[in-house]
Amino acid sequence: MNWLNWLDQFIEVLVALAAAPLLLGWVNMCRAWLQNRSAPSLLQPYRGIRKLLHKDAVLAHNASSLFRIAPYIIFGTMVAAAAMIPMLGTRLPFTAAADAIALVGLFAAARMFLSLAAMDVGTAFGTLGARREMMVGFLAEPTLLMVIFVASLMTATTALPLIAENLAAAQLAIHPSLLFTAVAFAMVMLAENARIPVDNPATHLELTMIHEAMLLEYSARHLALMEWAAALKLFNYACIGLALFVPWGLASNGDPIRLGLAIVLLAGKLAVIGAGLALIETLSAKLRVFRAPEFLATAFLLAVLGLLVRLLQVAR
Amino acid sequence: MNTIPLDLQIVNALAALLLLLSFSMLSQRRIVSLVNLLAMQGLLLTVATLMVAWRTGETHLYLSGLLTFALKVLFLPWLLHRLIRRLEVYWDTEPLLNIPGTMLVGVLIVVFAFGLAQPIAELASETTRNSIGIAVAVILLSFLMMITRSKAMSQVVGFLSMENGLFFGAMSTTRGMPMVVELGIALDILVAMLVLGVFFFQIREQFDSLDLHHLESLKEGD
Amino acid sequence: MEFLLLLGTPLAGAIWLGFFGAKRRAPDVNVGLSLITFIAACALTARVIEHGDVLVGREQFFIDPFNVFLVTLTAFVGLTTSLFSRPYMRIERDHGKLSSRQLKLYHSMYQLFMATMLIALTTNNLGLMWVAMEAATLSTVLLVTLYRTPAALEAGWKYFILCGVGIAQALFGTILLYFAAEKVLGNSGVDALLWTHLNQVKAQLEPSVLSLAFVFLLVGYGTKVGLAPLHNWLPDAHAEGPTPISAVLSGLLLNVAIYAVVRCKILVEGSLGSTLPSNMLMGFGLLSVVLASLFLWRQRDIKRLFAYSSIEHMGIVTFAFGMGGPVANFAALLHMTVHSLTKSAIFFTVGHAVQKSGSQQMDDIRGLVTTNPTIGWGLMLGSLAILGMPPFGVFASEFLILTTAMQQQPWATPILLLSLAVAFAAIFGRVQPMVFGETQGKRLPHPPALLPVFAHLALVLMLGLYIPPYLAEWYRAAARLIGGE
Amino acid sequence: MLLRASRRPGGAPESALTTLLALVTAWLAIGLAGLIRPRSLEFAGRALFVAGAVVGLLLAIVAAMSIALPAESVVLPIGLPDLPVHLRRDALSSVFLFLLGSASVGISLFAAGYFRSGEGTLPGVLCLEYHLFLAAMAMVLLADDAYAFMVAWETMALSSYFLVTTQHRIPEIRRAGFLYLLIAHVGAIAILLAFGILQGGSWQFTFDAMRGAQLPPIWAFAAFALALFGFGAKAGLVPMHVWLPEAHPAAPSPVSALMSGVMLKTAIYGMLRITFDLIGTPTWWWGLIPLGLGLFTALYGVIFAATQSDMKRLLAYSSIENIGILFTGIGLAIVFHGVGMDAMAALALIAVLYHAINHAFMKSLLFLSTGAVLHATGERNLGHLGGLIHRMPWVAWLTLVGVLAIAGLPPLNGFVSEWLLLQAFLLAHEVPKPFVNMLLPLGAALLVLSAALAGYVMVKFYGIVFLGQPREAALHDAHDASVLERVGLVWLAAGCVLLGLLPAQIVPMLAGVVADLGINASAAVTSAQSWWMLAPLPARSISYAPLVFTLAVVSAVLVTVLVGRLVYRRRTRRADPWDCGYERINPRMQDTAEGFGQPIRHLFQPFFAMDRELPSPFDRAPRYRVVVFDRLWRLLYLPIERIVQRAANAVSVLQQGRISAYLLYSFVTLIVLLASVL
């Protein structure tokens, strides 16, 4: 029932688009609770986006067209990325077209456009943010890839859905190597999504900010797209994590009932992840920017360690 | 042990004398007497050549004997004496290796030369048993002299006594070279001497002395 | 007939120029004589190609595959050099470095030198060969000291004494050879020194005598080849003489000397049947290459630089002859050819470069291409060629030599290659700044004659890409001859 | 199988090779034609280069069509008497000829618009050198005996040396040229030695003889090591890389493009030729050497690229990185082939070939764009550039393609080859060698790291040159590239895109090449492969379909734009940049090249030898200066020079000018020799 797979694919993208800000809202809510502030509404991100969409756009005089198209490209790539990640089912038609390496490449492309756009206007903060973003990226990207490699070594494929499927099918529930990689992945996820301890989404303190610094010159619809893309990114990473480490409950074929179940399950998993994220952010303190590479280098080494452990098992 | 005919004994005696002369050259410091010794060498050479010529009856040896006489006994010494007088170089300065040392090395060289000549002597006609060895010895000794002397003039004398050694070798081993060659060689030596004469004056007017220490500017080490 | 022309022209010319060498047309006469010589050489070559070897003058002179191409080469380079020296000497006189008397001397000696070399090449009589070699030395001594500067005198003196002594050893070697030959050929005297006869009976010659003879001959003629450690006269003489003489010295005289060595080697090897001569040649060759490449490293004077490079290449040739065998001999002959062509071309450009900058110090010579592109490119291409850069012919011969070395003397190959690399760094590092960069040189009073340069380089280039069949045949025949068949 | 299918039988046997030869001669003729009117820029500098581009195009077409044809060879009546020039065209040469031709099209067109009068060498001479360079590279690829190969190889080095020293008045350029030629020559010597070993006692220096020769393993390894040294020196493998960052900035941009894009690949070709064709059966552990060196080189190059502030040096170091990647692939292929995992070996080799072609296109593109910038601004230093996207949009947008491609981003070509190589690496743990199979996959980690760093480098390069505010007033009147230049750039950019989109068409061809090298590639390219999807190794379900992928991304972007148009009704106006409300922002406030290098310098401290000048708080006019050196220069090259110098000094003592000493030498020599025969 091929058309069902197509339906599955379609639904998945829609869900990602719709639910991404929700996840963001949930994380912020949890954080507020943990820091016993009065929490913003769960829908706050949506309101933000709607507000931005009703404003006039202001562009710097020397902003080039690269600056203007960047938001669309970034948003588009994030949507496309969502299509590659098994969120509900593993029988995605898109699987054959792009594997995990392509996915990481896609993230990298988004990052490059973001940084270039940030450098375009040529303000102090923009370039500073771009540099820091790339600095985080050149360590986070290989780490993510390593994490995926470990999984693909176990499953003899680099296609994310198949990885997830095989992992779910495997008898052994907990792979020791996956423990290392899980930690590494968590660290990357924090770094990539501009979370404490690497970055603080809620600050505009120039010495510390990374992601916000790049958005400074954006306004209105561009800004809205950027925010939304950021939310999507978080959502995607969360789903990658789920696919790699708790792959159970994905619909192995596209029939509606299991799809429905999968949606519910996904919501549950995401809720937990969001809470966990908030917890980490509350407990840990923001690092100095110079320390960020060391943080990520640790993550990279952890991933490599995971790989070694895996190979050790194979060798034996 | 058959008795060696007289003339051969004479040739050998001359050979011995030749060796003696080159030794005395090695020890001699006065340039004028060096030249005289050279002339005596030439004389010995002539006599030896004539002896061999008389014995073998080769006409061209008589010729080369006369040539030798003219060139080495008369012309060259005369030329050198003239140069000495014109350039006022009578004494050689202290040689680079002192006389006894030079003599010692000389003795070693003679031993070596004789050893070297052994295989050839086996083949040589009985005329010239040890004269080959002596010829080699003379050549090497004059070589040594050229090394140790530091005046241009004495080097030239060394060079010429080397030529003498060569001639003696040629004469004693092979009763001289073919005539063409003999003439050519003689011509070469003659020209060489003339060139040298020119040289001496040029050097003299450049450095107003014939001391070879002036001729050490072209070198690699600095 | 050609023979008389070949040897007579330069002799007569030497005498004539000795009297009228200072006339305004004297350079042109010089060129004309060289041209006649060259034509004679070509005619002779043609004859040899048609009828094979030639023996003339009561067997005193002969042409066989080995010396015929050397004769042609000598005559050719002699011609081009005389062409080059026309403007060069004019400029020297305009710069007031030479009087007309010296010019007279120069022209007459130049022809005499050519004559002696041709005799040494063509004579069949080893004694005459010695005489000619000595004469060549004498005629060039006066040319080396032409400028009468202290340095020139010193160089001349060293040249005279060292080569004189060396040559004397060669004479003794010849005597010993004669001695041994007599035992076989009987006491007929005259033809006991004829190479052709010796070559027929070489197997019967007494080995012990011949080995001694070879040592003396090697040391004697080796001094003129410039084999280390007998080479010490060579850089001085090259650096202090007038440039055309440097060109013919390293382009031709060295060849002739090596020719003499090889002639003797053929006989001795035939008699000994041992590898002794080969080993000696290889030893000398290798030593020369290594030492020369190291000396190159610290040169400041441009002519000394290329003099040492000549030593290096003579070392390569000697090594190749030492290895022997058809390929190595072939390569060695080819290397002699390309080396003399290239090196003389280099000296031509160097001469003009020195005249422009008024100094032989390489630090004073700068930016040749900017003021005088032809000189600059000539020097650059020439140096690259002599350094064994393809597609020039030097690479072809070095390729053959190196590959043969890998085959026969593997241990020697790395040494050779390292020395070549060092030489490359040394020479090229010096040449580049002279050719490129800013300049302060002045124009020359007379237009330089650079036709010879590019003629030579073109030939070398051709030999690198394509060796005409008859030439190759020639080399092969010579190689066989040297191989002793 | 598919590659059987791709081997079209028939087709005139000799035709391809003879045609190629004719084209090479045409290049030579064009070069010589430059000497007819050497001073005329219009003729020698424009028309002839366009003609050269046409020849290049034909060459590329012929080569591409001849890839599937069986090998053909011819013997020319030139060269050495006993060793006439043998030429041979097989699949491998065809691929690299295609690379040469296709890349040269763009470069020649650009060059036709690039050269201005009054730049050092005359246009005519330049034209000669340039086309001689092209022809020599072609001959290297066609040569089938050692002599022809060496001649072509050194001619290539020589002509490129003259091209590098076009502006020979500048001392640095002369120094660069010298260093380049010297290292090239030393490498050539090593290659010659390798051939000397390879002929294996037959003393035939044709490649056929070498193929036939049976070498004892140790000698085979010696040949391999020498070849690695020689070709590594040409390719810029660390530690023989020092000439590269000097020579590339020195050369005129089209030349740098040609050298970096094409010439370095001839070294890769040589390596493949010797390893897989002439030696034939490499032992598996040999592969570890190029693998290790390659990984180190890749990391080394990209790290140094990140710290450069001269845009052409930056690109040169990036070339070093890519060379490292290529050698890594070769090493991996050797290991796989050695242990009999031919499918994986084929995969790795395909990746190598593919990356070679890719790099030719993208690096040429980038070097040419720096040339355009150089002409427009006269600046090479990143510190004085910026904001050029407004003044030269053509160059800027085309460069963006190259930047994204070389950063290895999908769907462009750089990604495809890295994807293939990574897939190969992911299988490395199956190598049946204890310990090695654990270390190999870690190579993937380093590979990915350097790829990510390449992204960093490229953002720095593009952002600082083309984006932001101009750092100098002069940049405001920078002009865009001329028409011919644009055409050249467009050609190369198009190549990047197409190579990225059509791997499914290209990989089977390359598989044929690999099979030609005696590696059974049939398993690597499956029948499951369709015209739109790249799916090597049927056993694993790995696949990549750039067309679909691109379609998805592009459609997503377009939909976003459309929806944006629909829902958004507000106006857009221009204002001053906000920058947290700070008014008086000036270009100096932007991040500098050094600033961009800082994190890398911080993180990879041990690689660099830096000398830094930090301002104290009380400085009147505080200045910050940092210069980054190559440690290897001091650790390796200077010592060698010192050793030779010492030896020379020692020897020079022999010649103190004393004639008696000289006589003594002769005397001693005589005595010694006499004693020896006694």
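Brief remarks follow.
Note that the chains take the letters A, B, C and D in the order they are written out, and that residue 1 is the start of every chain.
Here is the rule we use: a contact is a pair of C-beta atoms (placed from the backbone, for glycine too) under 8 Å apart; a residue touches a chain by one contact, two chains touch by 3 or more.
Model, not experiment: these values are computed from the prediction.
Averaging Cα atoms per chain gives one point for each, and the point farthest from that of subunit D is the centre of B. Here the CA centre of subunit A is 35 Å from the CA centre of subunit D.
Our note on geometry: subunit C versus subunit D, Cα centroid distance of 44 Å, whole angstroms. A straight line joining the Cα centres of subunit A and subunit C is 79 Å long. The distance from the centre of subunit B to the centre of subunit D, with each centre set as the mean of the Cα atoms, comes to 70 Å. Annotation for subunit B: residues touching 2 or more other chains are 116, 143, 146, 155, 215-218, 220.
For subunit D, the set of residues touching two or more other chains reads 651-652, 654-655, 659, 663, 666, 670, 674.
In subunit A, there is no position where the chain touches two or more neighbouring chains simultaneously.
Of all possible chain pairs, those that touch are A-D, B-C, B-D, C-D. Across the complex, subunit D is touched by residues 53-64, 66, 72-73, 75-77, 79-80, 83, 94, 96-99, 101-102, 105-106, 108-109, 111-112, 115-116, 119-128, 130-131, 134-135, 137-139, 141-142, 145-146, 149, 152-153, 156-159, 162, 204, 206, 216-217, 220-221, 225, 290, 293, 297, 300, 303-304, 307-308, 311-312, 314-315 of subunit A. Looking at the complex, you find that subunit D touches subunit C at residues 77-82, 146-147, 150-155, 158, 165, 168-169, 171, 174, 177-178, 181-182, 185-186, 189, 192-193, 196-197, 199, 203, 205, 644-645, 647-649, 651-652, 654-655, 659, 662-663, 665-666, 669-670, 673-674, 677.
Put simply, subunit B touches subunit D in their complex at residues 96, 112, 115-116, 140, 143-144, 146-150, 155, 212, 215-222. Interface residues of subunit C facing subunit B in the complex, by the touch rule stated above, are 60, 125, 127-128, 130-131, 134-135, 138, 141-142, 145, 148, 150-151, 153-158, 160-161, 164-165, 168-169, 171-172, 174-176, 178-179, 182-183, 189-190, 192-193, 206, 208-209, 212, 235-236, 239-240, 295, 298. Against subunit D, in their complex, subunit C makes its touches with residues 157-158, 161-162, 165-166, 169, 211-212, 214-216, 218-219, 223, 229-230, 232-233, 276, 280, 291, 294-295, 297-298, 327, 367, 369-370, 384, 387, 389-391, 395-396, 399-400, 402-403, 406-407, 413, 417, 420-422, 424-425, 428-429, 432-433, 436-438, 464-467, 469, 472, 476.
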